[in-house]
C-alpha cells in the first residue's frame, strides 16, 4: 500500500515536471530597416583561434535578390567575423578581408539550424545545415580573431556600429544563437540540431544571454 | 486479486475500443462554381483577440493560375478573417483590410496540414505547414475579430453570403477544420499534424461540427 | 528441461524460416513494340461496382513525350477500365468513354507504388502515390464495369486484343499488380506501399497470378 502510494505520487510529480516546458527567446525582424539590430553581450573575450557559431534562422528573402547579413562581429577597423548569405545564394565567412564561400540549401520560411566552425591551426572551415556537415574548406590558417569589438544581429556595420545598409539587413526570425571558442564535433552539432542543449556555449549561451535591442525587433518567448 | 481483475478488464476494453477505427468527414468540391459552399456553425462567438485555424487541404489548382479562397469569415460589411492562396503562390491572411503574406510550399493533390495563428497582443501571425512553422510576421496588433458573421468554405463572399466569383472558388478537398480562440504552441500543432486530436477546437471541432452544405459539395466519411 | 529444449528448437526453426526471403516476379518491357504484352488471368469475373488497382511501376519515358498505357481491360466493344499516363503528365482513368484526370508526381526510373480506387455509389475516384492519396474526383457514379473481357499490360488494344500502337506501349518495369473489387482504406494502401501483403487481391493476387506473356517481355524473379 505504501509502495503504491509512492508510485502514484511519483507519477504525479513527473507529469507536473513535464508540464513545465522550457521556453526560448526568438528575435523577429519584421521588415527591412537600416537601424534595427540586436547586440549580443559575450560571456568572455572574443580573441579566438577557433570557434563554433550556431543559430536557428528563417527568412523569406529568396536568393537572387540580395545579400543578407547573418552575424557581424566588428572591431574599430575590421569586420572580424561576418557570416553572410550572398546574393547568389552561397554562404560566406569573412574574417578581416577576403571570404570563403559554400553552396548550401537555400534558407526559407521554416527554421534552418545553421552552424559554422573554423580552426586556425588547420584552417578548416565548414558549415552544418540541420545537423549535416558541408565539405571542409581551407581558410586563413594561422589567423586569430581579435578582441575588443561588438557582435550584432540584423545589420552589417560598415564602420563601428554604424553605416548600416537596409539592403543588407536581416528580415525574418533568429533564435538559439550559441558560440564556443573551439570546434564542436559533427556528432555534437547533430545533437544540438535535434534539441540537445549541451555543451552550453562559452562565448554566447542563448539561455542566459544578455540582448540589447535597437529599433524594430520583436523579442518573442516561445514554448519549446 | 480484485484489483488485478479490474486492470485486465480495463486493458481488454481499451483494446476493443481501439479496434473501432475513427471516422472523419471530408468535403470534396469537385468543380469551379459560384454557388457551392459549406457553412461552418461555430460553438461560440467569434469575437477573438487571438486564434489558431487548422485544416487539411488538397487541390490541383496550381499557382500562377488564380487565387483560391481557403477560409472566409464575413460580417455584414467586413471580411473579418479570410485565408487565401494568392495567384502568385503566396498565402495571405486578411482581417478587415490589407493582408499579410507568406511564402510557403505549394498546395498539391496530396493533403497538406495547414495552420494559421495570430495574436492581437503581439500582432504575431504565422503559418504551420505539415507541422513546421513559418517565420512570424507582425500584423494588426491591437485588432479584434468581431462577432456576428458567417464562416464558409468554398467561396469568397464579396457581400454578406453572396456575390461569389467562380474564379476564386475552392476546388479540391478540405477536412479536419478546427479553430481555437487562442494560439497553440508549435509542439501542439506538430502533434495535431501527426493525428493527435487534442486539444479539441473550442470554436470549431471537426468531430462534432455542424455543416450546412450548399450546391455541389460531396461530404465523404473516411476511415482514419 | 524438455520444455526449454523445445523452445530452443522452435527458436532456431523460426530463424531459418525468416532466412527464406520471399520472391516476387517482375515484368521488364525493354523497348517500344506494337506486339509485346502480358495478359493477366483474373481469379473471378470483373463485373465490378468498385475497385482498387495497385502496381509498382518504373519508366524513363518522360512526360511531354507521349502517352503510356499502364493497364487495359477491354471487352469486345469497350475500353472497360484503362489507366494512362497522359502525354501532358496527368494520369487518366477511362471507363467506356470520357476519362477523369489527376495531377500526380511524374513516374521515373525508380519504382512508384501506384493505386487507383473508384466506387460506383459515390462516384469517388482517387490515386494513391507511394501511400499518399490524391484529391478525390467524382466520376461515373452509378456506372458498372462489365465482365467478359481481357486484362493486359504493355499495350492498348484499340479493338479486342489487337490494333496496338507502339507509341502508346509501356517501356520499363511493372510488378506487384493487385486488384480488389472493393475500395481499400487509405491506411490499407499505405500498408501495401510499405510492403505488407494483406489483404490479398481477390481479382488479381500477384503472388499466385497466372501470366500469359506475348512478345518481348522478360519475367524476372527478384528477392524482396
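By written order: A, B and C. Residues from 1 in each chain.
By definition in this document, a residue touches a chain if its C-beta (ideal position, glycine included) is under 8 Å from a C-beta of that chain, and two chains touch if they have at least 3 such contacts.
Heads up on the chains, UniProt names are A, B, C = Pentraxin family member.
Computed from a predicted structure; not experimentally measured.
Asker: Looking only at which chains touch which, which shape fits best: line, ring, star, complete or other?
Answerer: Topology of touching chains reads as a line.
Asker: Do subunit A (Pentraxin family member) and subunit B (Pentraxin family member), two copies of one chain sequence, contact each other through the same residue numbers, with over half in common, or through different ones?
Answerer: The interface is built from different residue numbers on each side, given that under half of them are used by both copies.
Asker: For the sequence-identical pair subunit B (Pentraxin family member) and subunit C (Pentraxin family member), determine the rotation angle of the Cα superposition and round it to the nearest 5 degrees.
Answerer: That pair's rotation angle lands at 85 degrees.
Asker: Could you tell me the distance, in whole angstrom, between the mean C-alpha positions of subunit A (Pentraxin family member) and subunit C (Pentraxin family member)?
Answerer: 50
Asker: With centres defined as the mean C-alpha position, give me the subunit A (Pentraxin family member)-subunit B (Pentraxin family member) separation in Å.
Answerer: 34
Asker: For subunit B (Pentraxin family member), jot down the residues that touch at least 2 other chains.
Answerer: In subunit B (Pentraxin family member), no residue touches at least two other chains, as defined above.
Asker: Taking the touch rule as given, give the residues of subunit C (Pentraxin family member) at its contact with subunit B (Pentraxin family member) in the complex, in rising order.
Answerer: 102-104, 122, 124, 127, 129, 132-138, 185-187
Asker: Spell out the residues on subunit B (Pentraxin family member) that touch subunit C (Pentraxin family member) in their complex, using ranges where they run on.
Answerer: 21, 26, 28, 30, 58-60, 62, 108-111, 172-173, 218, 220, 222-224
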